[in-house]
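Two complexes come next, and they have one chain in common, subunit A, joined by subunit B in the first and subunit C in the second.
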Partner chain A sequence: MNTNTHDRQGGGGGGSFLSRLGGLDRRWIFLAMGLSIAVPILLKLRFPEVPGPMARATFDAIESIPAGSRVLLAFDYDPASAGELQPMANAMVHHCAARGHRIVFMALWPLGKQMADATIKDVLLEFHPQYAYGTDYVQLGYKAGNEAVVKLMATDIPQQYSTDAAGAALASLPLVADVKSTTDFKLVASISAGYPGAKEWVQYANSANPEAFKLVSGSTGVQVSQLLPYYPAQMEGLLVAVKGAAEYEMLVTAAYPSADKPDLLAERLGQGRVRMGPQLVAHLLMIGLIILGNIAMVAGRSRGGAR
Partner chain B sequence: MLQRTVPIAILGLSGVILMLAYFSPLTTSWGETVLEWFNILAAVAFVLGAGNLLAVNLEKISSRRPGWAYAAITLVSFFLMLGFGLLKVGAVPNPAHPEVSFAGSYDTAESPFGWIYEYVFSPLTATMFAMLAFYVASAAFRAFRAKNTESILLLGTAFVILLAQTAAGMFLTGWIPEDSAFAFLRLDWMKVAITEHIQTAGMRAITIGIALGVVATSLRLILGIDKSYLSKG
Partner chain C sequence: MNARNTNDDAGQPDGCPPAASAATPARPSLRFLWLSLAVLGASLTVFGTAMAAQDAGATDAAQATVALSKSIGIWCAALMTIGILTFLYKDNPFYKVCESILIGVSAAYWMVNGFWSTLVPNLFGKLMPSVVREYAIPSLPVSDTPGFDMALAFVPLALGLMLLWRLAPKGGWISVWPLAFIIGTTAGIRLVASIEADLLAQASATIRPLVVMKDSVLAPAAGGGSAATAEMAATAVRTVDFWGTVGAVTGVVGVLSVLSYFFFSLEHKGAVGKSARLGVWFLMITFGSAFGLTVMGRITLLAQRLEFLFKDWLGLG
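Moving on to the complex of A and B:
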């Protein structure tokens, strides 16, 4: 394996251990990171989480709309971000179904439809088998056009989606037969990995009709800074990264346990909490590495100064 | 002449209609029509993207440039998935129309398209994303140095967020009562203070700056001052 020149710096004899640390071969760092992720997964380490205000706000937003409301869930992500976002998507679908909300699925990302299909199969139909296609849930699928799709959804959904993902006319599906725009939904949720996603739902759908529906979002950690200005005024709830998913999972599973499949529910709606174990150890490793790197820098400087 | 005038006219007209549609209900339907055009163009862009993919990779293969084998794998994968999808190879019959084989869904895990998505594409993309953890750790060790006041502030913020984003935050400082005078020492309190005040304030300024930039650029495009989107010359 090749190592860059920086890896070999300080590797020669003569220097103190601390100053030579700066030239640590990066393969040791990769190994440490691999172990810090693998060991907690293998040991199934779980740590207690305390639901924060953002997770509670998301939970309360879905609770506050009347049972059986029509909600729109946009799966605006792909498998690359599934590790972070799928746990919150699972919890949100279970939460909506447990409240009896009727769910319309759609996607602004090409592979969002597949992510929604997997959630429908693994969560919706697994724990809520009474949900019937067309009356209780509908899959609209993916539409190209980014923010233009959102903008048209806000004014004329039948013009945007004349059929569902399988090609059935919207008029033939009772759940969406009378839907005109996003104002016909009580809540819109975007599980978002970036552009197009939650930000576009705020700017083009919510801003057009701010009082018509509640907007909540689940977001990856890297883009959350772009969404924070919209919370809580335009966006009533915001789930941030795996931690947000874990906190929300706790609230949902505590409020809506499964009587007949408790173990399966704990597994499917426990992925966020499972991932918090590796995240904790990896974060501690990162902090340790940063401290070590700085100690090596100081040691290297004082060694240079002594010369 | 027409090659430049017509696109500029279409862009200018579309931009003006979309602006009017925002302010006047009379022109809302015009705006919707323009957005429909945009959606059609966005779909056509996939075809252009595919054409570009072909051109770039075929050129790489024909000139035997370094890494040409990867280009060949890209093209084989592209045509394989295109064929499976367009021809609905192995599609699961649609329960509503079992007699029409082409009415079936091509993207369930039982079909080749869905199988490749589920067991090849999905794990590969997740792996690519997961590899970031290793490079971020290496970069943090080498580059995250407390060299001046700004970098010390950045380091302090990073430590607070890294700890507060896990159970370690509650473990280390959760014992401090939330209503005490020392509540500001709690990591979750510090995280909220950083994200909701400092970070959000900074992000708002950036967002407003971006919005002003978008308005300026859009006006330049609509008025035909900026023609950089047209072909060279």
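Moving on to the complex of A and C:
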């Protein structure tokens, strides 16, 4: 029974190559896809990335505000999307710190605070140990309420966040003591995996004060088609999935290398480029399979017509 | 028997061969047992090898210390990852266990998170602030109007209780009122945002010159050093940006043709039909692009898990 099943699925019967291809067991495709991703990771394949206009616009937006500006970074994602978004977050925090911007971290997703904490530890304090809590950066943490949080932050931040994540009153933290609303920031960045995220920042914060601050975003591939219409009119920069992360990493590491920890910087700000190697091989495999599948389908139809 | 076959088949991914359990019920269990033992044995072997390598590579006592909690966490994550990936071969109890753990942990996490991030600070913190401050959130802000806050907090409390009335055997209609409140407020909040950000701002962004101009700087002629040449070099001239123009025209044509596809007051014949047909092409390209981006995201997820397995778990690279 099993043999028959596998003959039917895998085409062990002696038909032509194309007819066997039509009945190929999908698990062979899974295996091929797994290998196409695993082998480049093991071989550490890296390909050069040419920064596109959207990654460059994001880079330019952070460059264009005066050094030492107050910026708001919203970590609107959780570990499920860290593969795509953590490389962007790492690069953005390093970029902001290298420019001397003072960073306020927050999260619309419950685990976003933990993702921000990891970035602070691995990137901010690792490469910029001079950054002091309260004056150079503040962690506001997660707040429940989805778009209502953004809407209230656009008008009254102290009402939304009366304390930071550790319970210290905002008034006691020099960086945020005088902050009233999102208009007190020069730039707002949302690293976003979905709802609530970048779309809500456009709808409830940027629309209320379109000229008050620059808005940039990094997004997962799944969500980015919803955000593309906002670029560039309502969103100055947009990092598109891991490709955008890799391009942005290229720009940031080229502009702001680390003199004392170059290898560590290459590792921490190279995750996006590392993940582009498997992307290339897997995409080539997929394109090949689509072409082969269509050829098999057309061949099958012709045979059906002939009969 | 037929029912059993149907259930067995329903548990398989499409295209995968059905389980042999219908014909020989005992064999898959044994196979799975052997498979589980093999995975466990391999895991223990790798664990032992990794620990031995760590010990051998250590040059002093401090480096030889094993972070037990971290190691257990990594091993749990690695086995769960492999357990979920086994579904690609076929449905199996190992996958079911991992899936159930994921669902259970997620549900519990969201419940606890909702309690501590919403109910405690926003409801109990208003109703009995001193108790919450003493036992739960020492940094709970002190309100200037505690009485008013408490009175106001009874509104969401009542609405919440009304919502839970749905579980009661009688009076289910009571839960409709808080639902109506939720729907009404949500619609109100989103309506304004959508009109501002999606309708007006998007329409404004679409209305733009079809011919895009750009500033170009004239390069000075080779060897030319006159003042006039230098002045010319510094002067920006306006030229047509070809690709910008192509993008602008494509955007406007795309918006109009897609809108015509969703315009049902006129029959899709003649010019309207052709425009709608063009709109379908734009939609198909959009869906294809969205699919491609989704695939890219999924490949990244798998790459990240494999990176974890190779690097953090097995110590390769």
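Note that in this section the second predicted complex is superposed on the first by the 294 of 307 C-alpha atoms of A that agree within 3 Å, B and C clash if a C-alpha of one lies under 4 Å from a C-alpha of the other, contacts with A are read in each partner's own complex, and residues count from 1 in each chain.
Keep in mind that, in the parts below, a residue touches a chain if its C-beta (ideal position, glycine included) is under 8 Å from a C-beta of that chain, and two chains touch if they have at least 3 such contacts.
Owing to the predicted nature of the structure, the values given are computational and were not obtained by experimental measurement.
With subunit A as the common reference, subunit B cannot sit beside subunit C without a clash.
By the touch criterion defined above, A:Asn206 lies against subunit C but remains apart from subunit B after alignment on the C-alpha atoms of chain A. In the superposition on chain A, A:Lys243 makes contact with both subunit B and subunit C.
In the superposed model, A:Ala198 lies in contact with neither subunit B nor subunit C.
In the superposed model, A:Ala154 makes contact with neither subunit B nor subunit C. With both structures placed on the common chain, the touch criterion links A:Gln114 to subunit B but leaves subunit C unconnected. Shared-chain residue A:Ala233: touches subunit C; no touch with subunit B. Contacts of A:Ala144 after superposition: both subunit B and subunit C are touched. In the superposition on chain A, contact of A:Ser225 is made with both subunit B and subunit C.
In the superposed model, A:Gly83 makes contact with both subunit B and subunit C. Common to the subunit B-facing and subunit C-facing surfaces of subunit A are residues 6, 26, 30, 33-34, 37, 80, 82-83, 143-144, 148, 151, 166-168, 221, 224-225, 229, 241, 243, 279, 282-283, 286. Interface of subunit A with subunit B (complex): residues 6, 24, 26, 29-30, 32-34, 37, 47-50, 52-53, 78-83, 111, 113-114, 117, 143-146, 148-149, 151-152, 155-156, 159-160, 166-168, 221, 224-226, 228-229, 241, 243, 276, 279-280, 282-287, 289-290, 292-294, 297.
Across the complex, subunit B meets subunit A through its residues 28, 31-32, 35-36, 38-39, 42-43, 45-46, 94, 96, 103, 105, 107-108, 117, 121-123, 125-126, 128-130, 133-134, 136-138, 140-142, 144-147, 155, 158-159, 162-163, 165-168, 170-171, 174, 188, 192, 195-196, 199-200, 203-204, 207. Residues 1-2, 5-6, 9, 25-27, 30, 33-34, 37-38, 41-42, 44, 80, 82-84, 110, 142-144, 147-148, 151, 162-163, 166-169, 202-204, 206-207, 210, 220-222, 224-225, 229-230, 233-234, 240-243, 274-275, 278-279, 282-283, 286 of subunit A touch subunit C in their complex.
Across the interface of their complex, subunit A is touched by residues 13-18, 20, 23, 88-89, 109, 113-114, 117-118, 122, 137-139, 141, 189-190, 193-194, 196-198, 201-202, 204-205, 286, 289-290, 293-297, 299-307, 310, 316-317 of subunit C.
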